[in-house]
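Labels for the chains are A, B, C and D, by order of writing; each one numbers its residues from 1.
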């Protein structure tokens, strides 16, 4: 049992902290400090600067462009990144399609797609959900028909985050309509500039445009954009679910949010109820510590080459519940200040003015990637044997 | 919309309050003030004194010995009873078997059993649950075989509250083992002194003896103790579930508990955290008010001769949840004082010393009479149409 | 005790529901959301014809002598319809303020509101003075008003505001033309139009002082109690709409080959929403009666209990409505998310949960319980 | 970072588990529950042979130099077995107190504990002074001790107590023979044996004063931190036992023709218990390491966070265990209800949830967050 970082890790932390201090753009810090989301260019500029350092594809094997860090180093990096006010990197390239390509892809696919991910040049989006395949993903209907030299894709995806930013989409499609539910599904890479793709924005209740519907009408996708074999889509999707969980709990960003919360209260000259706000923050901090140390255990186990233990199974559920709870606390502590939705000037305190946007946005975090109810169903079956 | 009592009701309240002041024995008040349960003789003495007034069978038609009060009067009575430190009356005779007998019983049965209930002389217990028929009551196995001039009863009941006090048990038994689950069940009255009945105490985690197992070995029950027809047991059981709900939420006793809680905190000379205790009590009071006014609506509807509306459906769930929450708050506010389980002298404060017993006892209130999970299943089906 | 709505109140509620069904849908709402003024003249005219403008006020001044419960039933329907028409902000709030002030001057202004001749808003809060309405930072010195007001719900269309300010140690209510203030307008969380005001040494003549001294605090408290009750009414309308829509969705939305309402966990979520909704309705009846009581203790206890309860339970209903709807629930395209914002909004106006729990805890000290 | 138990600690835990399996079952527990003394000589002898009496103390004084985590793993197993042997109360608590005092006199007493020559308890709390251990009401005047102590966990068998008292403005730790006190003995909520003491002008000679002055407070705080961590260890053992038993029950108990574990609501209850249990385990590791830190701020932050978390989540697990078990869970006949009482008990010792949240909130003010 040893909860301290080694001297090497502390040195690493110091160097990352110093780099962050130099390199996180001030405007990005400000975006984070207010609980906002970066614009496409802010996000991409930031990811490119990480890419230049080789710090983007953190979990990847070195041969594909990973930095060769331990899980502990990645965790330290994540803390320093968050506390410096930088946003998390977009998961679609680095955390999702990248590992799929270097695990299941052909040598040509690796060569073609991986460099754009590690450099932050290519932006990806994820084409999984469909209108009638939400929690029940295996019901998806988007059809990819194999023609002479291409797949002909027809159908519709929904809830596609950043589709309007993306260069590429990785997509689950049905290649065999005869096969049973999970079996006819394949994993396809689609260039978002291909004719026949139409993107319709969906505005979220934080007032912003993150999500989209994507319509495919006779979209021709080269055969070489199939990853693995036809019918392997479901296997690949499951592979992603068990991949890397050391930051899934969002501990680093939650600590940053807690720090912002405390700052906001101190910043309001006449804040009337500091003792009660402090108690509430202490309650949140307790939950955050429990999550943090559970997360530490997953990180430490990863560094020892162990498989994810049962302690990691609740990280997504607990992490998202806590994010929601914290954002709600922020809104409530803001009182009337939380009502100023789009005031051109600060009303009382800007962090509180912005708080409801984050609160609203985070309602989705217990829904996407498998709702917490679905997560619990799976845990009951897989882990508890019920 | 009128939330005031009429002048008549206020006068009624005044007279009940005066009577309670005169007639609630001091030792009974003390029992309640400490959150304890009365002994058999305390309970029976109290019920007899109500019986003498004609105030025991409150909901019954006057012809059978009811006082002819409105639901509002009964509600007022309940408040005054509770706030005077008197315990609720045992439900088994007055609220359960009595209404069954005057609704389904023969003239002879009415004449024989009802007077003992209205006077408080006969104590009843309820023989429903069995070891393998808890939430799933219809699985019960206790067999009553029809012989020449009696039923021969064999089997076992469990969780029988006050069986060791009771003169009589009303009992669900299986008279037709061939019939489908609910259909072969009958409703039988059994004299607890009949040979072949054995009572085994079950101690609860409050340290007291309320519950029992009751074993029947070749117990002969006269044929005339069958209520209604054979096979009507399930119908009768369901009738009871929809009967009178104006005090099911336990509002009166919860207000009394809240008052005791406040008193206990004021009584401890060096209580360190009064502001936080007061906030916590305010939170409980808010929930109690919501329950109180929902309960008022049921009372008022009853007086207008309306059937129970949807507002009454959650009363048991909400009422029991709140009782548990309040008793937990009491234990927690007591801090170390709540640890003195059986000290011969007061340690700090006697109400806090006793608090865990009530807290422990009340764990059962979300379980008995159909667990809250079962209640929710039923509401989902019956009321929400799911 | 009697919990039935009177025939008259039922009629008011039914009429409101029909009127909104005919004149205000989700499309209307979305249009209004993007408009700078929320006082649609046609609908305002209709509201006047329905008698809403006079409803909350005594017949003696040209009103219809309605009770708080009547107004609450209208506001409940406004909440259920997501309607942003600033009826409470520009009629009820300033109107009750003027009625309670009761001076000849005040009644004249009230009558102009009732007759739809002008729009008056209330400016009671500062930008960080929390919920304390009795200690404004704005003040009058040497006949000049300076200071600021925030969170003024004027629908983007008021021409005057009733504002609190201090004159020496005294609390006062002033009637200030908006054109004399520096104004920043913005959209509030629920989509309504708010304004922040700065007073730059505005000349105040005696005619602009509606009320001053001890009486003023009492008037404000009475009006705030009305507004707290109406917050609950609006939230109830929204919570009920959310519950109905979510139940319907659970019955029709299929996943894994079955309606999601067939899953036990979803069933229990919905039962919890339903039972909470019943209790929310009880609390609405309770506060709608008690918020107009003369006994300040009982009134404030009722208002704080109701708002604290709503801030927890109605908000929880809105959260669960989104969770059960899944992705579609967090979009601007469906009304669910809009109700959700409304709910958060109303849980923060006129005291959030902490404020009300604290007030109850201090009232208890005086009052004893039950 | 490394969360594995050392080989040595693992051995300590395994040995404890085997020892308890062989020597302590639910039957033993029920017997002990009704005994006036909880110091079974045979088991005490075995504990000594297992090295438990010396484990928490430095080798220099005849101990085995174990760390808090080693002791925590023993206490976890004691919790899991419902064992009432007052190992923490009569060995760890007084022993660490004496070790930290560190005077020759104190070490002599510590050695007599380690060698099983006497039983010493700690008397730190008053009957209504809450959790403030630094301001006892007992005091010494003119060489005589008067006042009282409550909640002294002496297992019904201590012969001396280490008690806090004031000498003028100074805090002191005294070693008082129990025979000189008026004693009331009783059973505590978890079934352990407690005593209340009254001091009637007991003559105190200098040899009875173990420590006085500023140092004393520091010593007490260090010991309390150990005890808070061990509360968590005991609760973890109980919570894990409850979870395991409840999962097993859900798989075997049939209602409506199916195992109750097949119902989705029960499944989600159990998943919540399981994920909470994982986090409880993490917090146990955390506090077991940090509660022996020299940095008082970090130590107290860790202890308060852990105890506040346990008071909520471990208690919730115990409540759910009963709810899922149904009727049988509220009886004395099954161990479930006994674990439930243990859990409530430990959530109240050495600070309840409110106390710890308040302490964290005030530490934050000094510390800043994370």
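The rule is simple: contacts are C-beta pairs under 8 Å (C-beta built on N, C-alpha and C of every residue); 3 or more make two chains touch, one makes a residue touch a chain.
These figures come from a predicted structure and were not determined experimentally.
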Q: Please give the intersection of the contact partners of chain B with those of chain C.
A: D
Q.
Measuring between Cα centroids, what's the chain most distant from chain D?
A. C
Q: Using mean C-alpha positions as chain centres, tell me how far chain A is from chain D in Å, no decimals.
A: 42
Q) Per the centroid of Cα atoms for each chain, what is the distance between chain A and chain C, given in Å? A) 38
Q.
So the centre of each chain is just the mean of its C-alpha atoms; given that, what is the distance between chain C and chain D in Å?
A. 52
Q | Overlap residues in chain A, where contacts from two or more other chains coincide | A | 373, 376
Q) At which residue positions does chain C touch at least two other chains? A) 263-266, 268, 358
Q. Taking chains as nodes and touches as edges, what kind of graph is this: line, ring, star, complete or other?
A. other
Q | chain C residues touching chain A - in the complex, by the definition given at the top | A | 125-132, 150-151, 184, 186-191, 194, 196, 254-257, 263, 265-266, 311, 319, 322-323, 326-327, 329-333, 337-338, 340-341, 344-345, 347-349, 352-355, 358
Q) In the complex formed with chain C, which residues of chain D make contact? A) 263-265, 268
(Q) If we count contacts the way the header does, which residues on chain A are in touch with chain D in the complex? (A) 1-5, 72, 255, 258-259, 262, 275, 278-279, 281-283, 285-291, 293-294, 296-297, 299-301, 304, 310-311, 313-314, 317-318, 373, 376-377, 379-380, 383-386
Q | Complex contacts: residues of chain C adjacent to chain B | A | 1-6, 9, 69, 247, 250-251, 261-262, 264, 266-268, 270-272, 274-276, 278-283, 285-286, 288-290, 305, 308-309, 313, 357-358, 360-362, 364-365, 368-370
Q.
Under the definition above, what is the set of chain A residues touching chain C in their complex?
A. 129, 132, 134-136, 139, 158-159, 202-205, 207, 211, 268-273, 276, 331-332, 334-345, 347-349, 356, 359-361, 363-364, 366-368, 371, 373, 376
